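What follows is a set of structures for review.
Shared between the two complexes below is subunit A, which pairs with subunit B and subunit C, respectively.
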Partner chain A sequence: MNATDLAKLRLPETTVEKYGRLGWPASLAGAVVVIAGALMSWSFNQQVLGNLSIYLNPGALQILTIVVALVAMVLLFSVRGPLARRLGPWLDTTRGLRTAGTALLLYMIIVLLAIGIDGNGLVNVDPGGWVSFLGALLLFAGSRLLPDRVGLQDMEQAKLPSWFEILVIAITMAAILFGAAYALGLEDAWSFVLFLLFAATIAAVALRLGVLSWFGHIATRNRKVLTLAAFLVAFLFPFTQNGSDANMSIATQVLIFAATAMSLNIVVGLAGLLDLGYIAFLGSGAYVSAMLSGSAFATIHWKPPFLVVVLIGATVAMTLGLIIGSPTLRVSGDYLAIVTLGFGEIFRLTMFNLDGINGPLLSNGPNGIPAIPDLKIGSFNFGDEHTLLGIPLGRFSNYYFLLLVLIAFVIVVFARLNNSRIGRGWVSVREDEKAAEAMGVNVFGLKLLAFAIGAFLAGLAGTIKAHQDVAVSPDQYIFLESAFLLAAIVLGGMGTIAGVLLGATILKLLPEKLRFFSEYRLLFFGLLLVVMMRFRPEGLVANRRRLLEFHEEDEELAVAVEQEHLTVEEAI
Partner chain B sequence: MSQFFQQLVNGLTLGSLYALIAVGYTVVYGIVQLINFAHGEVFMIGAFGALSVYLLFFDGQTGVWILPLMIIGAMLCSVGVAVLMERFAYRPLRNAPRLAPLITAIGVSVFLQEFVRLFYDKIPTFPSAKQNIPFPQIDVVTGKALEVGGVTIQRAAIFTVAALIVCAALLWYFVNRTKSGRAMLAVSQDPDTSRLMGINVDRIIVVAFVLGAVLAAVAGISQGLQNANIDFRMGFIAGLKAFTAAVLGGIGNIQGAVVGGLVLGIAESMAIQYIPGQFGGSSWKDVWAFVILILVLVFRPQGLLGARVVDRA
Partner chain C sequence: MTVTETRRTAREIGQPVLEASGVTMQFGGLLAVNKVNMTVREGEIVGLIGPNGAGKTTFFNCLTGLYKPTSGQVRFAGAPRKPESPKRQQSEAAEAVPVQPLAALTPLPPKPRAVVRAGMARTFQNIRLFANMTALENVMVGRYCRTSSGALTSVVRGPKFRREEAATRARAQELLDFVGLGRSTEHLARNMPYGDQRRLEIARALATDPKLILLDEPTAGMNPLETRQASDLIFKIRDSGLSVVVIEHDMRFIFGLCDRVLCLVRGEALIEGTPAEVQSDPRVIEAYIGTGEEEDEDAVPEQPQDVADSGEETP
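And then the complex of A and B:
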């Protein structure tokens, strides 16, 4: 067995040939045993991972294993048995099963660890836990013995009625909504990790089967339905919380972060300009909003209507962007990174110093501006609890809806720009500035535009953030926050919408739910940036053109991108 | 007038520190066109390396003979970290789009800071790096300040300036008189041709990182001696300022980095003294340093002494 085989958890060919026919029965037996184990008690200690100690009444975490095992059984039956004709030719069942086996094994190991650590020793693992573990092991081993699938049909060519496609989108979205609501409700870190692992397993299995790329195709075919469904799901989320504000507070923070990351995505992802002081634009919007909020600590005693504040805040941010961008965008991109970094520091230091002693009184220095009153638009006060359809919606839910409008706006701006003449200009500047200039693209103008739009949108988000956070202070706008925004984009996939939303959610949600992780989170984020750039620079959700930029030698991909463009042009 | 000289001395001290770090940015940039954003952290690691040597072997002593050993310890740590990061973070990205190594550099920087913050006290008897750590006081180079005609000169300041002079001389010798140094110049002029001439470019890149790290380590000790304490964040602002110095002098130009560092240091000190009103105090000096950076980029992007590479989009 050589090193690559080891890395891919693969058996040597001779073993597969010899015992290959055992693979299918072994996998099936494994899946059945996992289910049987999940119907038994896993843990003697009833306090661990919810209650997993009742026979024939599986707890939530046990149901998750049953779901994965059932998926595995469906896959096995589409290799041989009742589903072989309908599903068999389409799905890459072997790779899917291998992923399911590995994930299930990992899942059971974590469960055993959790019971062992939190419940005082492995003695507390009941027979069911061991049975499921053995089942997972059997599935893991059996799936490795299955032969590789060849001659599969391309899922893209699958012809299914369009109502079915829409149904699939609806079900997926509903699953995401309930999954998110459920995950946020989990108090215990182990359960949260296990649930995440479950979600990742489903996604990975779908990817391996080829279902994910099929989903991508139906998503492009039914783009409007998908967008609508996504917003509907986001809109419905507060209604799943029963008026509890704890999770809504996290959700609003995720939204602010995602909206800012999305705006930065215009600068970094579309125009390819690295901005390391981006948080300063968010900060300037927030400070303007705080100063004009009528707070008792505000230094400007003028309180215009909020819409005016929003415009002022965003304009101030944009002006700062223009001031900082116009000298630096003419020189090489590396300078821009450092100058923006310096600008971020200037902003923070200035806000720190404008306290009336070291400078004019404007920002109250290190204390910042606390006690910012809640937003009031018309007669609607964002601080009050409102009841809609009998479900109480607290303060954070109100902000959540407002932020949803904001992020929708940012996404629309992003998408429209991306598909416009300007967007194509940005791509050309990003890929080869000199060539773009030679073709008559106004390089400087386009760069400045990207910078200004990005700053404007961040300022916009800042004006809302100030009210939602109740206070602004300089230490909210440190360099690490900028690095964090960048990490979200890099992790998710530069220049994509879904990717950046995913990246922002992961980066903001994980530290909130995993408190033990928060001490090490920066260490991990540093490592994450390095590892992502090394192994997957295009991010979790990659756009094909972007993929090509990072993998220039890949001829097949180049041809695919070329064809994609041709079809798009024909469609237009 | 003595005010002026006092600020000049302060500025020279500060500038020497910037110059020592700036050389690292400029050398690496000149060869691989990479802004090694994590170079500030190499400087920080140098200071911690020196402190570690002191705590491990000489805790409580103050003899000046310890200093060379601390310097060696600092250099070993800095060089080790610099070589590792070149090997594992930057080298795989040699032909990647320009954004990739820059993002990696940020990642390395954050990682190193956090690594020191979280794990420094895991070594037995070492203090936690979550607060400022007092830096050892050594005979001769720290202690009672000298008074020359109404101007106060800290001993650590003399050490810093002397270190810069020695390092600059050695650097000049290395670059112009040794085989590796001249190979380095050749690679920075034209990597492809120098490869054809039989120069091992990969090795020269490592040499550039090592060179930067050695000077950064000296700077780390100087900073420790001057401020009497160090912390894991010290590399961030210092690195940023040193980069400003490198740009000011003309990035890619080694003499430029030294001149730029000194000019920046003096400008900063003078700003504290001579900018009138509330904006003059020391709380604004960092702001002025960055304003200088921006002004240089507007009016003279090639730097004071002229950069070798200006616009390489």
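And then the complex of A and C:
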């Protein structure tokens, strides 16, 4: 912010209503009370939520409330007080405070519930817990009384030095790395839920303040920095685990799932084809890899180098894609979904029956192919523990790095195809197939291409998955997995990279960490999707064009997107 | 109306570009187009008129391969297929499409894509732009069939890819300038005014490097000023060496624009001739205004000029 910009800024004239005067002091008092409560003991029982029973030495979950309360105080002081000139005109503090209040209240309710349920009754809640709860209630109520902010400056107009923008990106990425490592380390489900709530709170407050859209802008401006930072964070993650394989195992699962979802994103998000049997391509890659792995149970006794196996697996998957695609891509929409659904089941049943009795001996039937040896590329054995910079990296860390390379490859393919002649062709097919055909676009060829590339990449992921899982069997490749892949894309945002990675992480990580709810996960995800379809059909991270496709009627949105597009073009 | 004043001396009218002979299209019991012949020569503007439901758009769809004619043949003399180099484009920046020698007349396969590749492009009666793409992207899609970067090239991004991408972009921008939309490059098609959308559709069609362009009611719903701009644009396209076929309802527009006019009535060619001949023919007037006795059994009621023709959506 330079001086001339500041000179133009004015504090919005807030219309103070009858009780509006009380809003600010009440909110401030609430935030202070929350912090005071967090410095006291919350729970008499020391076994619940980590140890929250020490005065003046807050536990991790208490620190989180202090952080949120401090954020609320900063916001309050930027309405009135020391920060009013610098931050006040840019942030929509009222909406941010309301979100913070609601979230803190919810957080405290969950804390009280956790202590009540796991710690033998609400008797165990110490005064500090109640104090913080009352503080949250006060902040919640006080923030409702605050007047709406009008005449705010658009944060996208803020001109900040580029080193500051890069610093913001770096800090955000570091926070994500630290947060992810911390969250995965939480054993207790209540703590995990509370930490997720905290992360969601920060994100929601940022969104409400308008900081998130500003972050989106600096991210577009510094795309290379962001991409590099993201990969650096992903690369550094295993080093935070201190040789423990428990979380790395989950992380590799997430990466395989995300890589497959990204491949499916080419089919669904770019070409607009609905594929409900996609897991079969992952499966075919995995089976090929298993058969050629040199396992004692492998049905083909030939063990070529792994790179050859990768190529064979991916090619087999692609061939299957072409075989299933060429007759069926002429049908569209629902019919294609049904045909691909059938194909997924055919694959599973075929693998179930190629056991030497009902057919040729290829897959060992329901037993699958166990005891697949670890990968060995050159002299590097993926099964061994290696030490780098004094930090031990276990078996799953090795696979993690390999999968990171894979997912980087998939993302590069996705992004480059999206932004090319082929990508434009896909968009035109999605928009108006008949017009595209009349403009000389090879509609059928493009659809088949999307199918083939998607299958190829999934097959590629499958060849690694077989080694990492040690075994393949037909029941890994059920319809539900295909549905989950699709759900990750829909949840995250069709046709986006960040969205699908986020969606895949949510869908794979939550059931792993929240074992107690794994029985209800279908119910939960079903509900989540219904809610998403109602309120945000374009997904968590919206693609500009997809956003417009989902809101055909919204003229204002179209103009807004166009404006944004124009400014971004100028920035580049 | 002063459309006639803007008319420039026509270029020499050359050899035939398109020759449709005995084109018949039957949907079940409905004979939509019945043995229609049409010839379009190089550098010619041909008008196609007729009352609503006369089969004009159906005939168009037969020409462009959207429908496979029940019988009859469409022969076309497209430019020989040759990928162009970016250098050549710059030297001929003023031309809509670089002039190339014609090949011999060959039968057109009834596939839209093959028709476009051969050098015949079209616009639609009800605008069919890619609404959520920008104007530039729309025109770049039009270049699809004249470029060749495949999936592998796109992923590797070698010099060939970059060259072609830059050439595509430059050509699209050039065409937008040509139709007068040079300033709207980054606007979303759906946000553009109606008249601009029509022009964008023409630019998109021109991007396929056609020898012949078919315009389906290019002035439907336009005000007199926009209509005049449209006819100027069509002359400009003709002057750059293309042949044009226009479907229109606006008689003044069509008679001021075209070198020859073909009138279709109930799927049959009623008369073909110069605008003056067609204009004064009593049968044309009768077809449009009708005679009292025929009115009752006539399945085609008379409608105002700007009401959309229903031929397009007839499957």
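Methods note: the second predicted complex is superposed on the first by the 544 of 572 C-alpha atoms of A that agree within 3 Å, B and C clash if a C-alpha of one lies under 4 Å from a C-alpha of the other, contacts with A are read in each partner's own complex, and residues count from 1 in each chain.
Please note the rule applied: a contact is a pair of C-beta atoms (placed from the backbone, for glycine too) under 8 Å apart; a residue touches a chain by one contact, two chains touch by 3 or more.
What you are looking at is a predicted structure, and each value in this text was computed from that prediction instead of being measured.
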Side-by-side fit of subunit B and subunit C on subunit A, or clash: fit
First (subunit B), second (subunit C), both or neither touched by A:Ile453: second
Partner chain in contact with A:Tyr55 - subunit B first, subunit C second, else both or neither: neither
Touched partner set for A:Lys434, first subunit B, second subunit C, both or neither: both
Which of subunit B and subunit C A:Tyr520 touches, first, second, both or neither: first
Greater residue coverage of subunit A in the superposed arrangement, subunit B or subunit C: B
First, second, both or neither for A:Leu529, with subunit B first and subunit C second: first
Partner chain(s) touched by A:Val412 [first = subunit B, second = subunit C, both, neither]: second
Which superposed partner A:Phe380 touches (first subunit B, second subunit C, both, neither): neither
First, second, both or neither for A:Phe164, with subunit B first and subunit C second: neither
Superposition-derived angle with apex at the Cα centre of subunit A and sides reaching subunit B and subunit C, degrees in steps of 10: 70
Shortest span in Å between Cα atoms of subunit B and of subunit C, once chain A is used as the common reference: 11
Subunit A residues contacted in one complex by subunit B, in the other by subunit C: 434, 549
Partner subunit B, residues of subunit A touching it in the complex: 268, 272, 274, 276, 324, 327-328, 330-335, 337-339, 341-343, 345-346, 349-350, 352-353, 357-360, 433-434, 479-480, 483, 486, 490, 494, 519-520, 522-523, 525-530, 533-534, 537, 549-550
Residue ranges of subunit B in contact with subunit A within the complex: 33, 35, 37, 89, 92-93, 96-104, 106-115, 118, 236-237, 240, 243-244, 247, 278-279, 281, 283-284, 286-287, 290-291, 293-294, 297-298, 301, 310-313
Partner subunit A, residues of subunit C touching it in the complex: 64, 66, 112-113, 116-117, 121-122, 124, 128-134, 137, 140-147, 149-151, 154-155, 157, 161, 164-165, 168, 186-188, 190-191, 204-205, 207-208
Touching residues (chain side subunit A, partner subunit C) in the complex: 412-413, 416-417, 420-425, 427-428, 431-432, 434-443, 449, 453, 545, 548-549, 552, 555, 558-559, 561-562, 565-566, 569
